[in-house]
Each structure stands twice: as structure tokens, then as C-alpha cells.
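Letters A, B, C and D name the chains as they come in the text, with residue numbers starting at 1 for each one.
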Amino acid sequence: MPATSTQGSIVDRPRFDCRNAYVKALADLAQEDHRIVGVVNDSIGSSKLDAFKKAFPDRLINVGIAEQDMVGVAAGLANGGRIPFVSAASCFLTARALEQIKADIAYSNRNVKLCGMSPGMAYGELGPTHHSIEDIAWLRAIDNMTIIVPASPVETAAAMRWAAATDGPAFIRVSRMSVPEIYPEDYEFVPGKAITVRDGNDVTIISNGTVLWRALAAAEQLAEDGINARVLSMPTVKPLDVDAVIAAAQETAGIITAEEATIAGGLGGAVAETVVKHHPTRVEILGVPEFAPTGSAAFLLDRYGMSPEGIADKARGLARQN
Amino acid sequence: MPATSTQGSIVDRPRFDCRNAYVKALADLAQEDHRIVGVVNDSIGSSKLDAFKKAFPDRLINVGIAEQDMVGVAAGLANGGRIPFVSAASCFLTARALEQIKADIAYSNRNVKLCGMSPGMAYGELGPTHHSIEDIAWLRAIDNMTIIVPASPVETAAAMRWAAATDGPAFIRVSRMSVPEIYPEDYEFVPGKAITVRDGNDVTIISNGTVLWRALAAAEQLAEDGINARVLSMPTVKPLDVDAVIAAAQETAGIITAEEATIAGGLGGAVAETVVKHHPTRVEILGVPEFAPTGSAAFLLDRYGMSPEGIADKARGLARQN
Amino acid sequence: MPLTTEHATLPVFKQLPPHSSRGQQIAHIAEAARQIRIQDLKLVHHAGAGHIGGDFSAIDILATLYGAVLNVSPDTVDDPDRDRFILSKGHVAGAYYTTLAAFGFLPVEELATFLKPLSALNGHPNRNKVKGIEANTGPLGHGLPIAVGLALSAQLDVSRRRTYVLTGDGELQEGSNWEAMMAASQYELDRLTVIVDRNRLQQGATVRQTNDLDPLDAKAAAFGFAVVEVNGHDHGELYDVLSSVPFRPGKPTFVIAHTHKGHPISYMSNNVAWHHRVPSAAEYQQALDELESSPTTTGN
Amino acid sequence: MPLTTEHATLPVFKQLPPHSSRGQQIAHIAEAARQIRIQDLKLVHHAGAGHIGGDFSAIDILATLYGAVLNVSPDTVDDPDRDRFILSKGHVAGAYYTTLAAFGFLPVEELATFLKPLSALNGHPNRNKVKGIEANTGPLGHGLPIAVGLALSAQLDVSRRRTYVLTGDGELQEGSNWEAMMAASQYELDRLTVIVDRNRLQQGATVRQTNDLDPLDAKAAAFGFAVVEVNGHDHGELYDVLSSVPFRPGKPTFVIAHTHKGHPISYMSNNVAWHHRVPSAAEYQQALDELESSPTTTGN
């Protein structure tokens, strides 16, 4: 089902900014369902919502630079029967409005979709205040919150369609840093399910978002050394696909997790918490360990061992050990 | 060194509200060092700081019900040469001012001590909006933040003395739910070091804060069944004592973590991330898995398997398996 | 004695028919308020916890809204066009549950579970547990943004439903309120009414000693609201003002309701100690006597 | 052509001796501002990123502060009694770094590392990397609370040091600012000065279209500030006002500096597109010509 194996190396594929898929999906959903509205914090341009605003002038609510109000307003709109897609830079959405996310959305169980734009280190040279590496760990600690980190334009749109059709709180990361397409057009998002985007039994790489294609590229390199890496796409960080993680722990030499997020409490943490409970095995957690220095997102991902080579090296280490 | 073994069962000891040790230590520190100031959000009473206010009227800054301002003001006071102890209900301090904690304190590397009062489920019947089970996972995701969860009055005061004497950001949880004393008067806090409060090689229980004495009580029960549990007190959640965790993984059948915090990304998560990297072993993570229903903190800790019996049961399970 | 169903003595009220006179409405509100205070006093005393000071400063406002102003009843809690009320000062849950019970949203006996293990009635309102509650509040400064979202949803629906939100005065120290007020004015949400329980006390001291709000009327006006001041214990003034908003087309309304924490209990009124103190047996009896003997007029 | 040290052409300035005339001060500020704009233009064009619109609306304010108002120099960056300046609108780091270099806090050549991998000069100021920076800003609405803490520390120390904070106007939509303003007034921090870069534009549109601030003077006055309005590109007005605060004993000062984003570049001025657009080669040349030919007077 995944399109990978068929079409040559993943690194040669064209790359796309997932925000374009996001705005198209949002406009289509708004067309079909009058309840869909957008809520933004002076982030129309950074969310690429100018066309949406033209098409649905009163259904894009801009509260200005006020994230607490933005999330509270979304909770009120949901109470009024609307389905708000909050669209704001992930760093400000999650850091500035976390208590509103906890109380007004998660604990109140409001049907609000929190869309974290330009997450991870997408803002590159704008630095750690604009990097959103903590968002996943922060939201994972909150009950009643589905956390989705799509890896491609198709998956971004599919996750949005699922979220729009499913009552309850959800957080969706929308990548800015461009990524190749990994899924066929008709891909359907299934919450809490991992996708085996490449099969193998020597070692497992679990990834999502902007790092998934790098994991696939690493697997291609490993194949040349005769190491068959299983690559699990884990778009849903919460609830986690526990069975897929256990199977990986049982069937392969070890697990590498790789994500554009902190090494403390993100996807890596979720996988670690799962394996120690069900089937202890070695897990190498790749992620961002610090307030990053100046550099582009790509430069920084490489710095933190998430180049295809960096991921492949870790995988070789694990494969050798056992 | 720990006072435990000597004095009969831990459950029979008198219990204390750590806020009393907190305010005494703060007053002593303020006496010795004019740079020490308190910063509060209409939380003078809930922090038991009325006497401090009388003793140091201009050195207790009450910004009103405004947590973002409270933390920003603390950063400014630190820039001005003061050593602010921010004293506010942990739920509001961490949820409402998280971006100020990230940018103004951690990333700016300001010498501010964030004191999370009445953390965990101390507010019991006041419900999940007032429970602060996420604080540790939230702060653990942020770089340059020392996280301390003292287990007794003596440890609370020792941690504060250490923090006052050590430049840099720190977060200290100050328990309201009463706990027995576990340490001798002359206990010295050492950051990043676990304390073996009870030795044993069958199974390890790692805990801190209000749950540590429950872990010790569980160990007493296990001893009656001939199971020798090692109890590690882990006051510093970040940086974690990796060596102590590895030793426990190597020398005992498995690890139980027990804390008054969420099961996702807290002390349990930190321990899981450590063992999967260095020495995979089974870890049972005890904590709070949901927005808790109405009940006292004690009622809820029992509900979530953190009664001495509940912890002992988990330990038996682990000890038996191997 | 712990809280039991014998302490759930509240009579149940209904809104009067539309054609009722102003005098009838006010008398009805006054009696409801008096009964709500008596019941709430019992809850706090017997449960041994609560925020009775803020409860009593808000009860006349709550009784006016549910007794004669809000277009909502137990049968219409899911009607999209019901009026919305958000209790932003969520710590007065005791007064809120009692008010909801007084108007039939909640069985009176259920009040006996207040704060008990696994009860639906914890220290702050939970919409997923109690019919009629619109938002889970407790952290201060959350209600006003939610109310702005509700008023926006009504504007989008071209519905005439109204949104009311009750905040504390100390609560207005939270910047989130001022973010929301700016947006309410920008979007001309004139069917939004903010009511401030202006008792001039917060948790630890007076608002003035802590972080003063005055001139509150000028602040609200500068943020684009039509400002009205009322005696927050005078049911006539409350009824007249709350039932006749908006005052200025295109402008949201800001009602400064002057109140006393603990009103009308002699030893509680305007005393900061009663933010969350629990009456002793003697204090309980005295308060009960004062309430039972008090005339069912305006609560003043 | 990528940014290199040849593009670091900025001359270095020092504050004039105290006895200098007002005219000398203003000429000195004007020339510094002109040179800072030229240098900042080169940084943004050659680095291919930055917030030139907000840079240019703020540069006259920055040049006035560092050129003639702030009691701080490269030798006194660690002096406890130095004046403090907080750039709350941290996205104009390019203008800030250039200003710091113009007054000797930072080697001019280092400007050539702007936004380069591992450079100390990233898109938002980092006090741990650059001498003279007091706070790591970037998220809006952080500077004012920090400035209140600084002013409180001066009050505690009975020091006469002053604290200045520069915010954007859209930035004032953040409630954290209003929390801080309430506290500044409560504590009577009259040595605190808030300067608002009132260019009436934010990231995506005008402030009015987004979430209007008017009447901003009435808002600030109601929050307890002494309000002054100036032409934010007139060095004389800026110098007079910023060097003579406080205006009302016991009250913090709120300076509304009326500016234009992108000022004085003809095709940038007051055009929202230039919030973070990068000048093409032709646009770059034209801006350079306009700046180099512009009289070194008030920048108007």
C-alpha cells in the first residue's frame, strides 16, 4: 500500500510544503460542511489561508496576536456547534495556550482541532523561541488529546478529514519543511495505527512527520549493507499503536525512533514507555536534545543525527549488537 | 544515612505539610541573603507566606492573578540581581506561564526558582483543573531546567538551599499533602543523585515526592514475603541519575516507578527512556492516567495503584516473573 | 455531621410566565436567592469545604439570570438557540450547582454528593457530568474567551441567542480577559454581556491592595464595551439591566455588579477571611437564622 | 551575493559628551539612524531574510535610546546600575544587532554572520550570545513583564536606573502586556517607560482590520500610565521625551511613537507586504540610493 518501494529512491522524489495540502483540505471540508471554521492569531499568511479567507470571509476568525483567546474562542465556537480548526504556529499555540488546551478543550471535551503550523524546527534560523520541539511531549501529558504528526501532504489531508469527521479534541502538526509524498492519493488515515512503510526484520525505525522520509532513505542505505530495516510510520503519537511496537520489539534487534521533537517525552518516550512495559528491548531515541543553535531545520536535523546516514549508523549499531 | 530502617514502620511516623518547611527555609534564606525575594499570584495564603510578608514586606511581590506576568517579572528581577522564588499553585504556574518559563527563564538562563505549590493531586476535590499532574512532563521537555520533587520537609528545605546557592533555573515541587520525614536533619541535597533509602536486590521501586513513603511502606510489606525491594529516592527528575537506574536494571528483576504525576513523560518516562538506551528491563510505571474523578489526593493515589499494597502487588509481579 | 440527603432541602423553582409583572419577577428571584443561600450554606458547612464568600456575592446574580433572564430550561439544555451562561469564577461551584438544582437542571438530592468521592459535583463545574453546564471552569480568566467564541457562533448563525459570562474582579487581573474584550469589541458582539462580581476582595486581600482595577469602568470603556453599574444584590436593578442588554448597538455590555463577599451574613460580609473558610456549628446556626429571618425582598 | 564581511560597512558611534547641545545630539542620532538603516538593509538583502518593515519603523527609536538616552555602554554592560532596554518586538533583531554594533557592543564584522549556521546572531536576540542584550525575546508579549520586574528591582535597590521596553502595536493584543501594565501602575514604577512602535500594521494586515487597539491612549491611561504621543521618526521629539521621563511622579510612562513600517523607503513605507519581505537586487539598490541621498536630519 505505501508507495515507497515502487518508485526509486525516496530522496529523489519531489518535495512539498504540507501547508498547501492543509489549506486545500480545509477549503474542501469547509465547502462540504458549514460547521467548519478557521481560527487564527494574525497567522493567515503563515498558515497560507489568504485564499480561504477570500472564499469564506466570515468563517476565518482572526483574534489577533492572542493565543489564549484564540483557543478559548475555539472552545466557545465548538459549544455553538462549529468545528474550529485552530491554525497557529505550533510554538505559540502550545506554549501560550496550554492551560486553555488542557481545560477548555481536553477536559471540557470540545470538538476543536488544534493545527500546529510550522512545528519542530521549521522556523530554523528564527531560533528556539520559534522552534516547537516540546509540543508533542506537552500534549502527550494531557488526557483526552489525540496527537497526529503527518509525514506527507496526502497524510496531512487524510488526518484532517478524519479529524473533521470525528468528534473530540485533536492536535495535528502541519509541516512547513518540505517532504516527499509517501502515500497513494487514496490513503485513509486510521487513528492509533502504525503503517509498515517498509518491511524488514533486522531492525526497526519508527518515525513520523518530516523525519519519516529520512528514515526510509536510511533503510535504503542499510539494504545495501544487507540490513533489512522495518520502517514504521507512526502518525498517531497518542494513542500509540502498542501492538506494532511490541511486534517490532519481538521481531527485530531493536528500535530507533526519529522525530523532529525533543528527546524527552515525545514519540521516543512513548515507545520507550511501551517496550519497558510489554517487551523490553533496546531503543535509540533520536530527537532534539537542546535549545538549538542558529541554523536551518535541515542543518539542525543532520546535526542531531537525523540525516539518512545518521539514522542508518544508529541502526547498524543496533543490528550488530544482537 | 536515610533514617528509615531504624525507626519502626514508615506508616506510623508523624506527617508534615512541606509548605511549612518551605516557608521556614525561604525566611532563613532571605535573612542570610538580601537578593532572595518571593513572587506570588495572590497565593500568599495558599503558599503560607503571611509571616514572610510581615518579615520582608517589600521582598514579597504579589502581581495578582497573572501568572505570565509573575514569571516575566521574576526574570526581570533576576536580571536586576535578585534571586526570585516564584511561589504559586503548580497547575497555574506551569500551565499558564509555560512560554515564559521556556523563553524568559530556561532559554534566557535566568536565576529563577520556580516553586510549584500543592502539586500533583493535592487539591483533590477541586478537580483536574487544579491538579498539576502534567507539570513534570511539561518541564522535562524544556532544555536547561533542573526539576526537583522533594519527598519530605527536610528534603524540601535542602533542595531550596541548594537552589538558592546555585545559579540557574530550577523547578521545585512543594507538597501540601502531608508526608513523614525520611531524612536526617543534616541531609544535604545533591542534584542528579538518587538516594538508596532502602537496599535490596530483588526488585527496585523508584519514587519521589508524596509517593516515596508509600514505596517504603510497600517495601516493608514485601520484606514480610521475603522479597527485598530496593527503594530509590529520585528527587531530581532532571538531570536523572542514569547510573543508579542502570544499576537497578542490572542488579534487580525490574523497576517500578511511582509518582503523583501523569504516566506519560514524567519520572516513569525518564526511567523508561534511560533503561531502553542502556540496559533494557521491565518497568512498571505507576502514575495518574486520566483526568481524575472527584476525590482526595490520598483516595486518588490509592485508586491509581499507589497505596502501599498497590505498589507491593506490582513489585511481587515483577519479582515473580524473573 | 457529614453531608446527607437530609441537608438537601432546596425547593425547586421555574421561571414565571412571560406576562408576569416586574414585581412578581423580582419577588420570585429574591425567594430563589434566599433558598439558594440556605442550601449552599448547608453544603459548605456539612461538606466542610467550598468558597462561601464568593458564592454569596454571586448568588443574586445567578438567581436573576436563571430565575428570569436566561432563555434556557432543563428541557432546552441541548437547544442550539438557548442562551448561554458561563461561570468564569468556577470556584463558586457550590452556588452554581445549587442554582442549577433550584431551577431543575439537577436533582436536589444529588446536591448531597457535593465533593464526595466520585461525585459529579466536584469543586469546579464539569460540563460532562452535570446538565446545563457549558464549560469546565476553575482556572481564572478562561470564561470570557469562551463567551466570545459563543457570541461569535451566534453571530455566524444569525441567531438572537445571548451569551452571559460572570467573572470575579480579581480574576480580571488575568490578561486573557483583556485579549477577549478586545476581540469582543472588534467583532461588535453586542449580544455578549460580561458581568463582574465586583466585591473588591480576592483570595488573600482586597483587590486594591493586590493589583488595583480602578478605574474599571474606564478600562472597560476603553476596550470598547458599554459599561453599566448596578447593585449586585438588588434583584430589581439586576433584572432590569440583565434583561435589557444590549445598551449600545454594536457594543458588548460590561456590567459592574457591586457586591459584598459573604453577603448578607453579618460576620462574613466583606471579610476576606471568608473566601474559603467553613462555618463552625455556631457560625452555621447564626447564618441560617439570619437567612431564614431575612425578608424575601431584594436581598439587601 | 551572500552576506560577507564586505557588507559590514557600518561606522561605529559613541554617545556625545553630556554637555553637548540638543542640536548636536539630534544630528548625531540622525546620522546613526541613517547608517543603521543602510547596514540593516545590507544584512536583510544579503542574508535573504529578516523583518525589514519593523526594523525600519523602530530604528529611529533604537538610535535615540542608544545614541543619547540610555546610561549604558560596552564597558558598563555588567554594571548593576546601568539603564535597561528590552526589545520586546524581538523579530527586529537585525535592527537591534546593527544598533548594538553601531554603538560598540558588538564587532561590526560579526554582523556578517547574521543568520548563518551556528552564528550568535539568529533571528531573535539571545542574551547568552551577544553582549548588551538583556532578554531573549521573540514570542510577543514577553518584554513588558520582564521590564516590570527590572523596574521593581531598581525600586528595591533604591537605584535611579531606568527601564525602557519597546513593543510593537499588534503585540499589545497579547494579554500579558495588560497584566504587566496593571502591576506597573500598582507599584508606581515611574522609572519604567513603555515605547509602542505604533506603525498600525502587524504581520498580515493593519491593526485596525485585525483587532483594533484604539483608543490606545485611553487604554493606557485607564491602566495607570502617563501617556505621551510622539512622531517616532522625529529624533528631536524622541530625544526630548525619552530623556525626560517620568512625566508624572508615581506613574510609569507610555510613549505612543507614531511610525511607518519600512520608513523612509518609498516603496516599503506603510506597506504590510514588507513585514518580512526581502528586497530584490533592484529594490535593494533603490533603497540604498534613497538612504544615501537622504539628508541626515530627523529622518522625516
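Definition applied: a residue touches a chain if its C-beta (ideal position, glycine included) is under 8 Å from a C-beta of that chain, and two chains touch if they have at least 3 such contacts.
Here the structure is a predicted model, which means the values were calculated and not measured.
Participant: Tally the contacting C-beta pairs at the B-C interface and at the B-D interface, and name the larger one.
Facilitator: If we tally the C-beta pairs in contact for B-C and B-D, the bigger total goes to B-D.
Participant: So, what's the distance in Å between the C-alpha centres of chain D and chain A?
Facilitator: 37
Participant: Taking the mean of the CA coordinates per chain, how far is chain B from chain D in Å?
Facilitator: That pair's centroid distance is 42 Å.
Participant: Whole-Å distance, chain A centre to chain B centre, using C-alpha means?
Facilitator: Distance between chain centres: 31 Å.
Participant: Using the touch rule from the top of the page, what residues of chain C touch 2 or more other chains?
Facilitator: Counting only residues that touch two or more other chains, chain C contributes 126, 136-139, 141, 173-176, 179, 182-183, 186, 210-211.
Participant: Would you pick out the residues of chain A that each touch at least 2 other chains?
Facilitator: In chain A, the residues touching two or more other chains are 63-64, 66, 68-69, 92, 95-96, 99, 103, 107, 129.
Participant: Taking touching chains as linked, do they make an open path (line), a single closed cycle (ring), a hub with spokes (star), an all-linked set (complete), or other?
Facilitator: Per interface graph, the chains form a complete graph.
Participant: Residue numbers of chain A touching chain C in their complex, please.
Facilitator: So the residues of chain A in touch with chain C come to 37, 58-59, 61, 63-64, 66, 68-82, 84, 99-100, 103-104, 107-109.
Participant: Looking at the complex, which residues from chain D come into contact with chain C?
Facilitator: So the residues of chain D touching chain C come out as 173-179, 182-183, 185-186, 210-213, 215, 218-219, 221-223.
Participant: For chain A, which residues count as touching chain B in their complex?
Facilitator: For chain A paired with chain B, touching residues are 92, 95-96, 98-99, 102-103, 106-107, 128-129, 133-134, 137-138, 140-144, 238, 262-266, 268-273, 275-277, 280-285, 289-291.
Participant: Please give the residue numbers of chain D that touch chain A in the complex, ascending.
Facilitator: 49, 90, 115-124, 126, 136-141, 170-171, 173-175, 202-205, 210-211
Participant: Mind listing the chain A positions that touch chain D in their complex?
Facilitator: Touch residues, chain A against chain D: 42-46, 62-66, 68-69, 91-92, 95-96, 123, 125-127, 129-130, 293-296, 299.
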